[in-house]
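Letters A, B, C and D name the chains as they come in the text, with residue numbers starting at 1 for each one.
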Amino acid sequence: MIALLVAVPLAFGFATVALPKLSRYILPLVTLFNLVLLIGFIHPVQVLEIGKWPAAYGIVLVLDSVNYPFLIFVNLVLFALSISAMFEDKLGVLLLVLTAALNGLLLTGDFFNSFVFLEIIAVVAYVLASQNKNYYAAFKYLIFGSVSGVLYLIGVVSLYVYAGTLNMAYIGFIASPEYVQVAGIMILIALLVELKILPLGLWAPDVYSNGSTVTPVALGSAVTVAIFYLFSRIFFNVLEPVKPLPVYILSLISVLFAQLAAMRQKTLGRALAYASIAGASTVMAALSSGALGVEKIASAAYLYLLNEAISMFILFTIYGYLNHKGFKNDSVAGIAFSLASISLIGFPLTAGFWAKINLLAALFEAGDYILPAVLLAATVIEAGYLIKWNVDLWYIDNDSQDEEREKTYLPFGAQVVVLLFALTLVIIGFMPDLITMHTDKIASHIFDFKTYFDTILKGGM
Amino acid sequence: MSKLVEFFMNLELIDWIFYLVGGLMVVFSIFAVEAKRIFDSVLALSAVSLLSVLLFIVLKAPDVAITEAAVGSGLASAVMIFALFRMKAGEKK
Amino acid sequence: MRRIWAILISVVFLHFFIGTYFPTLPEFGNIDMYRRVSFDYISKSTTTSYQPVEYKKSKGLEDGSANVVTSIVVNYRSFDTLGEVTVLFAAALGVGILANIKKRRIEFEEHKVLSVATGMIFPLILVFGTYVFVHGHLTPGGGFPGGTVIALGFLLLMLAKNEFKVTDAAKHTEQVAGSGYVLVGLIGMAVVGVFLANFLPTGTIGNLFSAGVVPIVYTLIGFKVGAELSSLVSDMREGDKV
Amino acid sequence: MIYYIAFVLIGIGLYGIVSQKNLFKQLVSLTIIDTAVNIFIVALGYLHGAEAPVYSSVTPLANFVDPLPQALVLTAIVISVGTLAVAAMLLVHIHEEYGSVDAEEIRAAKEVIE
């Protein structure tokens, strides 16, 4: 059953290549189908051995309590994207492929398979990044992404050499830890490039600020979340964590640098791009913090990631439609924008507040005081520029251009999606337990290798 | 000096092939990176690719060799040269 | 300045790999096959107990292709290959999206010798490409090189005949072959119960009609790759079609 | 030995990517890296005295090199050519947009536009 999550989008993607007009309508249907399948029919724990080959030989797909919430979220984002965004017909086919690849990446229990899906995502991302004539940025992204892909491949193949299999669970069981460290470094660097931690993520600002309604949302909210899942799966669940300290320091520097850079940007798009980098770096810093293996920190980090992804979805979508035109004509967009900024900063009664408070509390409990300090400083800077941009956009004066006024509305679908997401942030703000329940579950399972290994060992249905 | 001679005496055939082909590949790839004209560097690239086909055959990987010959040195070079033509077409205007 | 940085980065990189990474690897040519899953791929005994396989004699194995690489690519790790096909699909689609350049197409001067020679060679290339992917389970080769050979044939045709264009038929071939692959997987799901499972008898190893779904899948891949790559090259050449 | 060849080639490719200002050269360097990695991976499966992993009338019984790295490399080759095609198309567009594929000239052209 769980293979359908990959097979159905892929089949429709292949089938609509000659009639791309249809893909625009098929994309929401397929993602909706995936969501219905996930919520209604398939529940964790499920293991599928593709082609009926036993786990160590073939490829296994695993659905457990860790990736189940991630799957729902990613499909939800893609569904929302298919309604809210504006794209040419052929991009619809590409987004179907992206859906299949993201689902595959989240489900797979095999290292080489994850490489293949990462590359599909990468190729789709390069094309998405070139939207709005942003070719130079897309090319830079391609160079960064391909080199990181090569590193990932070398890492994966060396894991095969050490353990004799490509299955994640078996590698975690067989391979000797000191060897795994070396392969782990390569995989880690590759993932850090995709997660846009700063010196390695220099491609990101130009790509994210291309002003399209698809690129930053698909890359920032869907792909980044999926890759964070892959990171946690590989380094918390399967392999021994690679010496986390350098990554921790790198992420801290990345947070501060990105926030400072965001403050100095002259366009909203680039500011948001840097804010998005800062968000991803914060999550990375929390996940790799010195007190590794503390479930509370991981749980708070996932909540932070969720808040980040939803807020960035709203902000980038509105930026894509309105550019710098202000909210005078479209107060719905304005309200959603302000709510998202507030949640991103972490005002009380929003999701961001709980994300930051939980993270701070967990870090203090674990005795880590550096990240809280950085986080607070980053929050002050972030609050500064986000409030400035909000004020600018609310009070901007564009009455002089009457012809333009008609165009500065969001389409109805986008308004609904953006407003619903903003409401979600507020609802989480009032009832954080709705989400923390799930993030706690993820965190308690992600450090539990034995359960994962037993699941794989027991095999198929 | 005698060590060097000994070293070369003890080489088997497969090692000779590696040294020869590998050395050529390194030379060609340096040329591909540093060549003044882009066209030359594409040609050097396809030479590197063809030499790697030789290595794949020595390494007992006929499938990879066939695929690399068709995809790596055939199609990839064609794609690059087409891209070059496109740019040239733009420059003339 | 840039060069110094580049040399520095390369040296650090090589230092890490040669100093830290190489000691973890087994000596070249001296690997331990028994510790690897490939050992069972070769003897085709991942689900059964070990039994040596003999060419043209062993029957009814779990996988019937004489070419072990093919059996891995299309049977044991078929899901990877589905992903691989998808990468190529996404790339061809991306080139199609990016092809809207307002520039005239690349024109070639027609050459008498070339066009006559192409007229003779082109069918041979097609036959050779088809041979490569139909015999993918017996001899080295398979869907990817076979498809590429066909695409290269079309490239030759483009060079020889200036008017030649890859039409929408390629897109339809791609559509049918791609969906066909997923469909084969879904039929496996319906018959055996698992996605991409083999649902045909595997026959005697080494015969043309053996190996279950492998030849079918490789033929589909061959058509798909051929169509995709020819339309990719054509897209690069034609520019703005509208 | 062959490991060293492969990694020297990767090093050259990396050097090319960082040192060259011409984007086309960067793409060429990237392709060199891909080829080198493929050689390295196939070498990881080599076994002295073993045959190519195909059952045939010459080799009816199994004495084969490791076929799995070869299968992985098949996938990697196809993936790299897909990336290459997208990159080549992007380069054509960059040339269209800025009139050059040189990183510094593009930066200059960008500043003029802004």
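Definition applied: contacts are C-beta pairs under 8 Å (C-beta built on N, C-alpha and C of every residue); 3 or more make two chains touch, one makes a residue touch a chain.
Each chain and its UniProt protein: B = Subunit of the multisubunit Na+/H+ antiporter; C = Multisubunit Na+/H+ antiporter, MnhB subunit; D = Multisubunit Na+/H+ antiporter, MnhC subunit.
Fair warning: this is a prediction, and the values are worked out from it, not measured in the lab.
Looking at which of A-D and B-C shares more C-beta pairs in contact, the answer is the pair A-D.
Averaged C-alpha coordinates give centres for chain A and chain D that are 28 Å from one another. The centroid of the Cα atoms in chain B and the matching centroid in chain C are 21 Å apart. Per-chain CA centroids place chain A at a distance of 31 Å from chain C.
Look at where the CA atoms of chain C average out and do the same for chain D: the two points lie 17 Å apart. Listed for chain C are residues 25, 31, 36-37, 41, 67, 69, 77, 80, 83-84, 87, 90-91, 94, 98, 101, 103, 140, 142, 144, 232, 236, each touching two or more other chains. Counting partner chains per residue, chain A has residues 112, 116, 119, 123, 126-127, 130, 158, 160-161, 166 touching two or more of them. Looking at chain D, residues 1-2, 8, 10, 12, 14-17, 19, 27, 43-46, 52-54, 68, 70, 74-75, 77-83, 85-86, 88-93, 96 sit in touch with two or more other chains. Working note: touching chain pairs come out as A-C, A-D, B-C, B-D, C-D.
For chain D in complex with chain A, the residues that touch the partner chain are 10, 14, 17, 23, 26-27, 30, 33-34, 37, 40-41, 44, 68-69, 72, 75-76, 79-80, 82-83, 86-87, 90-91, 93-94, 97-98, 106, 110. Only residues 20-21, 24-26, 31, 35-37, 40-41, 46-47, 75-80, 82-84, 86-87, 89-91, 93-94, 96-98, 168, 171-172, 174-175, 178-179, 181-183, 185-186, 188-189, 192-198 of chain C touch chain A when the two sit together in their complex.
Looking at the complex, you find that chain B touches chain C at residues 62-63, 65-67, 69-71, 74-75, 78-79, 82-83, 85-86, 89-90.
For chain D in complex with chain B, the residues that touch the partner chain are 1-2, 5, 8-9, 12-13, 15-16, 19-20, 22, 24-25, 27-29, 31-32, 35, 38-39, 42-43, 45-46, 50-54, 65, 70, 73-74, 77-78, 80-81, 84-85, 88-89, 91-92, 95-96, 99, 101. Remark: chain A residues 3-4, 7, 10-11, 13-18, 48-54, 56-59, 88, 90-91, 93-94, 97, 100-101, 104, 112-113, 116-117, 119-120, 123-124, 126-127, 130, 158, 160-162, 164-166, 179, 182-183, 460 touch chain C in the complex.
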